[in-house]
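Each of the two complexes below includes chain A, the first together with chain B, the second together with chain C.
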Partner chain A sequence: MKRLGPDDDPDRLYTVTGGRSRSADDRTLDLVTLIVSECDPTPGMQSEHARILTMCRRPLAVVEVAAELRMPVSVVRILLSDLLDRGQVTARHPRTPATAQLPAADLLKEVLDALHRL
Partner chain B sequence: MHSTASENAAGNATAPASGTAAGTDADRIPLSATADNGLKIVIVGGFGVGKTTMVRSVSEIRPLNTEETMTRAGVGVDDPTGVEGKSTTTVAFDFGRISINDSAVLYLFGAPGQERFWFLWDRLFSGTLGAVVLVDTRRLDDSWYAIDRLEAHGMPFIVAHNDFGGEPHTLEQIRDALDLSPEVPLISCDARERESSKAVLIALVDHLYALSTQAAGSTQEPVSFQEPVSAQETAESAP
Partner chain C sequence: MSARIPSRRQAERPPLGAALRALAATLVVTGGLCAWAVVLAPRSVRMELACAGGAGAVLLGAAVATAVFQARLARHYRSRIGDIKAEAERLADETLPALVVQLRDGASVDTALSRTATPTAGAHQRIMRTLAEEVGRGERMRAAAMSACANAAGRVQALATGMLADLREMEDRHGEEVLGDLMKLDHTTAQAGRLADSIAVLTGARSGRRWNKPIAMESILRGAMGRISAYRRIQLHNSSEAAIAGHAAEGIMHALAEIMDNATSFSPPLSPVHVYVEEAQAGVVVSVEDSGLVMSEAALQRAQQSVSAATLDLMSLSGTRLGLAVVGCLARKHGLNVSFRPSARGGTGVVVLIPQQLVTQPRPPAQRAEQPPIADTVVTAPRPSVPAPRQAPDAEPQPRAEARPAAEPEATPRSDAPAPLPRRTSPSGASKAPAAREPEPEPAAQPEPASQDRPAPPTEFGESGLPKRRRGQTLAAAPMGTGPAHGRAAVGGETARPTRSREESAARFRAFRKAVQGTPATDAADGTRTDAAPDTRTDGPPASPPAPSPARPEDETR
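Entry: the complex of A and B
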């Protein structure tokens, strides 16, 4: 892991999120929730927000946004919920059951077909 | 909250970026614009067992690396740094992805099996389809805990033995050593090989499919999937 470089010290992460440690949407943004930009970055926007809007022109999972920004997932969830609150991005949530419940057989069949094609 | 450097972060604060660091825009393969259903499979294993290698073998993107932090208050994890007061623990994980179709995209996570990781399981990996426990016969002990935790979480899994070409072990020996129940598929693989890693994922999803149709009480014929390379058979018949 090399998330925290000289420019990414914990204090900076604190600043990026305005000191918040969690948001209302915290629980609803899964690692693989796909984020899509609904607008372009605007001048004066917080730089992390601008970067997210640029990288999510095509759908991108929360975990990919975190990797690109080199920030912990929990911090990225907060940044994303800001953008969601303002309607600047939308979230496409996973449709698999969140509990210990097996997904539908037809979805698994699709996954199997894709793996065989790989 | 993020005011105290974690073990990982502190240890790597000055480390140069490595090959698993976040990619640049240029090497990012975009998802389909209609992608709307993210799926997860987790590959769990000890340090150096080949999790990232397996992810790399099958992923359509170069494996990326990220982390999640957790406040340590009230959580019984070991504290190797001896820092005082409120602090965070960090779990790092690698991931890759495989596009399934216009809608579904499968993310593969390589995650450490150590104790502190499991405190983050529900936060990170709820909704996971299933898990692969990647084992190394030189360090089977590492796998017991992961298997125990997966069972506790009710998460379906298979076990894959990453064959490093050391002393030969039959799958029966490994199954005995891990005290693995007969329903859990166990196969051998070479995580460096794409076909072999593919066969591992196929074995997992086959297992999930069987469980899913059983659970549904389905009377439909089990679908037979042709596997170009049946890792299980070849490995089981090995001396």
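Entry: the complex of A and C
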């Protein structure tokens, strides 16, 4: 069994999220969604929110926010969705190369087989 | 006692002598009278007179002697009774209390008996001994029960603490689907931990955890509310930047948890409980206001009494309500001032004043950041196992020492947006790199602050109040390199933050690379790295996947 180190924080995650274990809506915030803050932290704000707003002055991926806060991604998603609801941050989904234009799987498989046969 | 003995001997002397003396005196007097009467009487009645006179004299003498004897006896008994009464009173008022005090202070029965004055009466002695034995046994039982409870509480505390650490680690490791369940377990464990803490406090054991850094007020409040069942009803209103000194943080959290628990359990199940924090001249004031039942004047006084009593009275404990007694113990220990008053919200308000000497400024978050980098290199160096996994562990000490410095230049170039960043750059040789590399306006200022900052770490420790040894300090160059760097990152302000994860990942790459190559990287290499790194970053998505790992390793090493 692990011991809590003296350098840990006394916060438990459920107090950080107010008891929620998943965000209310199904907004898709995947690991690489970029978060940009839209305003500065105000005093009295939850410290995690303030930290997110500060660190996201430049776009930062969700996963990096999580690493920075040293919290699980799912918790960070909850925090971020709070901020999103209040319009304090915006989320930008990374551009994916238009998936529709990828060749069909069958074709790819044929190419692969042909390559194997070479 | 010894002074009493002669007086008793006197009193005990039987009054027979006095009676005999009285008898003799009476006989002499009456005998004389008789003889005189016989001499004066006519010869005819002389014989009868002599007989009657003799008999009368004897009777009178006997009567007088008896009377004297009885009178003396009565006086004797009266004084005896007085003595016994005084002795009994002394026993009750002085001897026994002194005896009990000694026994309560932990003296053994025999010691206590030998130290107190022994009463002369055997019965009193026996009473004393019986009493001493009973009180001594009770005292020993109390002590044994206390230490058994303290011991058990300590074990439960250790279990709970270990379990909390495990749960936290699991919360990091597992995904969203089990997070809710883990949180529930976490919450339950935290409450169990509080109960164990309560018992430990009441039995005089030490509290469950010690923090060796100041804990920010927000964390104190959240730590407190995390330990009660209805934590969702607590609403925090905190804009205080203050922190609580590490040694008192646990106790204060616990006291606040008990107060919040009281507030939530004595107010309607859906009503919120508001917690306000304000900084005052005398310290930090935390008020907990519920909108439940208004406590009567008497109840308020009782509550006030139980939190401000000078010592813990175990008799005041009832099976279910330990809270206020615990708050009282903690308040005494840490010098908290707890007062109850009717709340403006209609319920009860509890105001806790945390004295100024327990209030400090929070240590910059760098403190937190310091631990992970070391862990990172240690844990993850072997991890990128592609080309040279075997080498990595061997090369560890070295890469560690240099990986950190290398990380700094990384940070610098990227930091061009947030101004303070450059300042925290560069221990060791790397410090030259940014200056040389960056022709931009701000960099000019860089090398200088960097060099200033180099001695900074010690002062940074100082912010907690006292200089402290830190974990990993003895780990030679590596931690020294990282500590300052990260410390500065934090000192530099919030703006510095965004780059830290980049620093970390860069450091890991570097450690890995050096492990592979076996040569220390040059400044030129730094330059290329730093240039390359931003690119990968701005690509965003591709760069980020490795990022979660920084969070991992540190958790694992915890």
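One rule holds for everything that comes next: the second predicted complex is superposed on the first by the 81 of 118 C-alpha atoms of A that agree within 3 Å, B and C clash if a C-alpha of one lies under 4 Å from a C-alpha of the other, contacts with A are read in each partner's own complex, and residues count from 1 in each chain.
In the analysis below, a contact is a pair of C-beta atoms (placed from the backbone, for glycine too) under 8 Å apart; a residue touches a chain by one contact, two chains touch by 3 or more.
Note that the coordinates shown come from a computational prediction; the quantities given were computed from them, not determined experimentally.
Shared-chain residue A:Arg51: touches chain C; no touch with chain B.
When the two structures are aligned on the shared chain, A:Leu34 is found in touch with chain B and with chain C. Legend: residue contacts after superposition of the two complexes on their common chain; A:Thr15 is shown touching chain C, with no touch to chain B. In the superposition on chain A, A:Arg86 makes contact with neither chain B nor chain C. Residue contacts after overlaying the shared chain place A:Val111 against chain B, while chain C stays out of touching range. By the touch criterion defined above, A:Pro72 reaches both chain B and chain C.
Residue contacts after overlaying the shared chain place A:Pro43 against chain C, while chain B stays out of touching range. In the superposition on chain A, the residues of chain A contacted by chain B and by chain C overlap at 1-5, 10-11, 13-14, 21, 31-32, 34, 55, 58-61, 63-64, 66-68, 70, 72-75, 94. Of all residues in chain C, those touching chain A in their complex are 159, 161-166, 168-169, 171-172, 175-176, 179-181, 183, 186-187, 190, 209-213, 215-216, 218-220, 222-223, 225-226, 231-232, 237-239, 246, 249-250, 253, 367-368, 371-372, 417-418, 471, 494-495, 497-498, 500-501, 504, 540-541, 544-545, 547-548, 550-551, 554-555, 558. Against chain A, the residues of chain B that register as touching in their complex are 1-5, 8-9, 12-13, 15-18, 21-23, 25, 28, 30-33, 35-40, 58, 64-69, 71, 90, 92, 95, 97-101, 104-107, 109, 124-127, 129, 153-156, 194, 198, 201-202, 205-206, 208-209, 211-213, 215-216, 218, 223, 225-228. Considering their complex, residues 1-19, 21-22, 31-32, 34, 43-44, 46-47, 50-51, 54-61, 63-64, 66-68, 70-75, 77, 94 of chain A touch chain C. Interface residues of chain A facing chain B in the complex, by the touch rule stated above, are 1-5, 10-11, 13-14, 21, 30-34, 55, 58-61, 63-64, 66-70, 72-75, 92, 94-100, 102-105, 107-112, 114-116, 118.
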